[in-house]
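There are structures below to look over.
Next, two complexes with chain A in common: one pairs it with chain B, the other with chain C.
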Partner chain A sequence: MTILNENAPDAENVGRSVWFRIALIAVACAVAAFIPGLLPNLFYVHIVNLTLLSGIFALSLWVIYSVGQLSLCHAAFAGLGAYISAIISMRLNIPPALSLVLSTLATAALAAALGAVILRLRGVYFVLVTFLFGQMFTLLALNWAGMTNGANGLIGIKAVTLFGISFGPRPMFFYLAFAMFLMVLVFVWALNRSTFGRAFNSIEQNINLAETCGIDTARYQVIAFAIGSGIAGLGGALMAHYIRFISPDTFTFHNSVAYITMLVVGGRSLFWGAVLGAAFLTPLPEFLRDFEGLQHIIYGAIMIVVLRVMPGGLISLPRTLARIGGAK
Partner chain B sequence: MDITTLLVQSGVNGLVIGMMYALMAIGFTLVFGIMRIVNFAHGEFYMAGAFIAFFTYAQWELPFVATILIAIAVVGIAGAIIEWVLIRPLRTDELTGMIATLGISVVLQNSALMFFGASPRPMPEVVSGLVRMGPVVFSWSRVFVIVAAAFVVGIFWLFMQKSKTGRAMRAVAQDQEAALIQGIDVGRIYPFAFGLSVALAAVAGALMAPVFSVSPFVGTAPMLKAFIVVILGGLGSVPGALLGGLLLGMIESYGATFLGSVVADMLELGLVIAILLVRPSGLMGKKEA
Partner chain C sequence: MKLSALAFGASALAMASAASADTMTVGLVGPLSGGAAAWGSAMKAAIEFAAEDINAAGGLEVGGKTYTIDIAAYDSHYNPNDALTAVNRLVFEDEAAFIVGPLGSAPLAALVPTTTENKKITITAGFTPVAAAPEYPYSFRAVLPTEVYAKPQINWVVKSLGAEKIGSLFPNDETGQAMSNDISSAYEAAGADASAVEFYERGRVDFVPLLTRLLAQGIDTFELDGSPPQTAGLLVRQLRELGFEGNIVRTGGDATNDILAVAGPDASEGLYVHMEFDGGLDSVQDYQARYIEAYGGTMNAFSPLFYSNINMVFEAMKAAGTISDADAIVAEMAKISGYEGPAGEVSWIGEDFWGTKRQQFVPYAIGKVTGGKPEVVATCTVDACE
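The block that comes next holds the complex of A and B.
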């Protein structure tokens, strides 16, 4: 009886928080509907679009991080999705709306196959092998000219069209990107709350203990890697149909580092951190344009400074401020 | 060109890049063995060494020995300071330390870009002339790189084997706590090891500056190769880094000659991934618990 009583408020709380979040999302949608109209010019819309795409990349990287593995080939999977979607929509005349889905699934499947082999490695070894895989992707994209058109890249990729509406123009793409971002966000949130999320979390905290408790750590790690990389593929494909040009330079090691930076600066403990990091760092170079040449230095410096002063990232800022203010 | 000539030429070229890879990988693996940190900024110190060589040798026209010594001193001290100020507080876990070195790499590379510009600068050779041995021809500058690198590796090896500090460093790499109990000041070993490690990278950069050109991006490729070498030889193993470096140099040189450089590159990456999967501890590394 007492147990029931103790649990009851909890369940109510969870229920309330779910409704609260749904309301939050509804408000976000309502605000988003007016964003393209409110921004002063197309350049700002473009930045917002890129920010949404970065959000997708950072969130998907977080999924992999949530099982305690750091992937340095995240950009390679984004590139894989982009190339698959671009090539099948151009060569086989598949509508981009469908090729987005297909490339996402294909990327996830490839990631699952790769993950099944490489996820037995842990820590540094995993980081190194993903780094090498990223380099292999760049080499392949550069040299498989028959498929990828080499260093010149693919041009004239079709825009996404759905129900006769073209999502090519920047303000229109915003709605697509926002919908996709929201979908990914809700998916990651739901994933995080599911049994999968709990298993991921326990693996991240102590993989040996999780294994001892009967959690099939290898399986869960492969699932997380496939989901995270698949979503990265979706983001890459979206990018390909938005910019309508991709080359091996679009998805390099430096992009992988940029996604990691977003995760670190935003905060690694919760998936909100990834969103915050993307929202903070993607527009940042545009504001630093006055410091030509300095912007990348500032970027790197911010990463080090955040690690040094705020290891929890931006999401821990309120707590840090409270601590400085003298709260316990 | 007959086959013997081709084999010898490729062998000399393989030895040149192999020694460079070994110099890079020895420092890289040293830091990993002692501090458990993967230093993604290692290539930037190679770049720093190359720039120091360019300014001191090509512009101020100092003797090349002085150039190498200046590169060792400047980069070594800078490395020790970077370890002291930036990496030490972030060494709590492997991933955080690694991310910190990524940030350091971005800052160093872009600083070089801002101050020196992106265009590659050619550098005059240190020794000129050609060696002729029957049908085989190669330049003295290649031989010079091999000999100089071997000399530096030899001194480093002697230092690690005989000197008190070198032995202390090996002790810390083996077991940090046990080393601490023996009265070794681990806190002082870290910045020293990091400085030594990046000084070796700077030597590699200075030696290779006349062979390749000098630009802010020259460090990326050697760092990538250093990764491959340490995986090949075993993370944390110094002899493994030397062996792996030479092996990789040879594979690359002969592979590029007989199979073409793209195929050679892909094969190389495939080989390394295979090694990681079958024997993650590498050729000469020790199994980790």
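The block that comes next holds the complex of A and C.
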């Protein structure tokens, strides 16, 4: 006897959904092709580039959050990727395009090794240990001067070049950053829909129940931590080859908190929330720059209003609007 | 008839001035909030005074055009990322003719590739050698770095004050580490032991544990250089509260007024301080009076130094006949000699240090705080303090 699930999507619907997403990506790419030319000047291109990089950082943190963990050393992994890519491209003359890949893999491997130990901890203990790891990274970058040039940082990091095209200029870097952001976005979307994503979600919802159901929670948490940190390493490496300077001040505890803020303000329930948070919070200080002394107060007030009105983050805006409309 | 001729003349004059009046934006990126705000505010005051002077005189005449000066000022938060974003805005959005700032080595190292690529002159206070490096020809430095003044001043301290065992505390970042190396090697070269060194994270306010560790090593002199003004004041107060009776020396980075404000006159009595210039000059006194009248409080000594350097850029623009050809302006900057600024006569130095001459030099001094005021006890050249 065959039991039919009426809610299961049929093959036709799945195919339609896939084609819809491919079309969406194609439209996004077509629009992106014109963005640098449409923006008023290179300052706005720079802000868009930073926003795309923030999007990568926030998405990568969401992967770790999707197994119910909150990392306070996310900036440290971004910094690790940045330093590895910068050092191997400067000292070993490895092309930056290759050093981006190598640094991503190396960061993911280091995160997996660290995660295997610290992911046994849960809740506040895990958060504290990640905070300590972040501080250790900063101290290492400061004091291992022979390798990192200490507090003076690394100056003159090469721009990414592919097939003879330099991605150093801001408009060119936009295309690289957009491609990387899109790649990460599609990867996280696919991951979320895969067996891994379902396991991550179960762990986030109820780790004890997930364990009881036979899910190897420790393994999945390490995988999520390694993937998230590896992507952060990629973002950090991209930033190093864009700004062409890194120092221990470039990736600090404050950056880790900023990524968490993006996640919370954007909305933690879906990975789109991370993207929205990055898109909202990265350019916001620039719009407020003209207010000088009031900049931080206005920034804080906007955050409070957003979280008060939309506790679920910006991603819950349609629901909030529908609720307000319904109340009327 | 006479009236209509006068009206015609007036309207023609108005039309002519409307046709030739242009605005030149000068950018500022510096720490306008936080522990280093005293320096950032001093830089901001310098550009505001320079702009005020020029605008009051009818504008800056360059190549047949008259420009009024407009200022776009952004807070760097003493952070390389923020400084870089601010400088992107100044270069591409505000189209600043030149940029005052940044302060700090990391912010400077982060943004100097952008300003060089876009040929923007910067007047900085970053102590990194990058500020005067040959590969960054548009970078000028208004303030003397430790590398220049450490040797003559420390030689004087060791010889005249008999300093033997030096204790010092530096911020744990690029500025602190660079200064620690310069200061320690200068003390060692002068024959003193400078091995008692500790580092702290910026923003810290309780230094008792670190100072106790340094005092336990039997230091007879404490070096304050490298710490922001307010932090230096806290260090002086906490050192005296811990019973330290030796000499406290600040080899560089003017902070005397802030130290006096935070530590109080009693704890600051006998403090040996670096004076960016001879504070007794009438021109400095006038500048200080103007500063206090405009902003109140106390004036940081960086302000007149930046004011001189900013005006030298304006002079160079007039001589070059352009506000946009940075190469021509830099060439004219190099020709300026004997410029009389409020802090004294300015000259360019740096060839012996970095192979370039883009470092502003004004004769500086060593002062001793007596009765709540620094009094000059030695004046210095590049070679020695006497």
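Simple rule for what comes next: the second predicted complex is superposed on the first by the 298 of 328 C-alpha atoms of A that agree within 3 Å, B and C clash if a C-alpha of one lies under 4 Å from a C-alpha of the other, contacts with A are read in each partner's own complex, and residues count from 1 in each chain.
Everything that follows uses one rule, which is that a residue touches a chain if its C-beta (ideal position, glycine included) is under 8 Å from a C-beta of that chain, and two chains touch if they have at least 3 such contacts.
Computed from a predicted structure; not experimentally measured.
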Open item on the list: For A:L42, using the defined touch cut-off, is the partner it touches chain B, chain C, both, or neither? Pick first, second, both or neither.
Closed with: second
Open item on the list: One more residue to check, A:F287. First (chain B), second (chain C), both or neither?
Closed with: neither
TODO: Have a look at where A:S247 lands relative to chain B and chain C in the superposition and call it first, second, both or neither.
DONE: second
Task: First (chain B), second (chain C), both or neither touched by A:F20 - done: neither
Open item on the list: Just checking: does A:I297 make contact with chain B only, chain C only, both, or neither of them? Give me first, second, both or neither.
Closed with: first
- [ ] For chain A, give the residues common to its interface with chain B and its interface with chain C.
- [x] 293, 296
Task: chain A to chain C touching residues, read off their complex - done: 40-44, 46-47, 50, 142, 145, 150-153, 155-156, 243-245, 247-250, 286, 289, 292-293, 295-296
- [ ] Sort out for me which residues of chain C touch chain A in the complex.
- [x] 32-33, 73-75, 79-81, 84-86, 88-89, 91-93, 105-106, 109-110, 113, 128, 130, 172-178
Open item on the list: Please output the residues of chain B touching chain A within their complex, sorted ascending.
Closed with: 32, 36, 38, 86, 89-90, 94-96, 98-100, 102-107, 110-111, 113-114, 224, 227-228, 231, 235, 262, 265-266, 269-270, 272-273, 276-277, 280
- [ ] Would you pull the chain A residues touching chain B in the complex into a rising list?
- [x] 70, 117-118, 120-121, 123-125, 127-129, 131-133, 135-136, 139-140, 143, 257, 260-261, 264, 293-294, 296-297, 299-301, 303-304, 307-308, 311
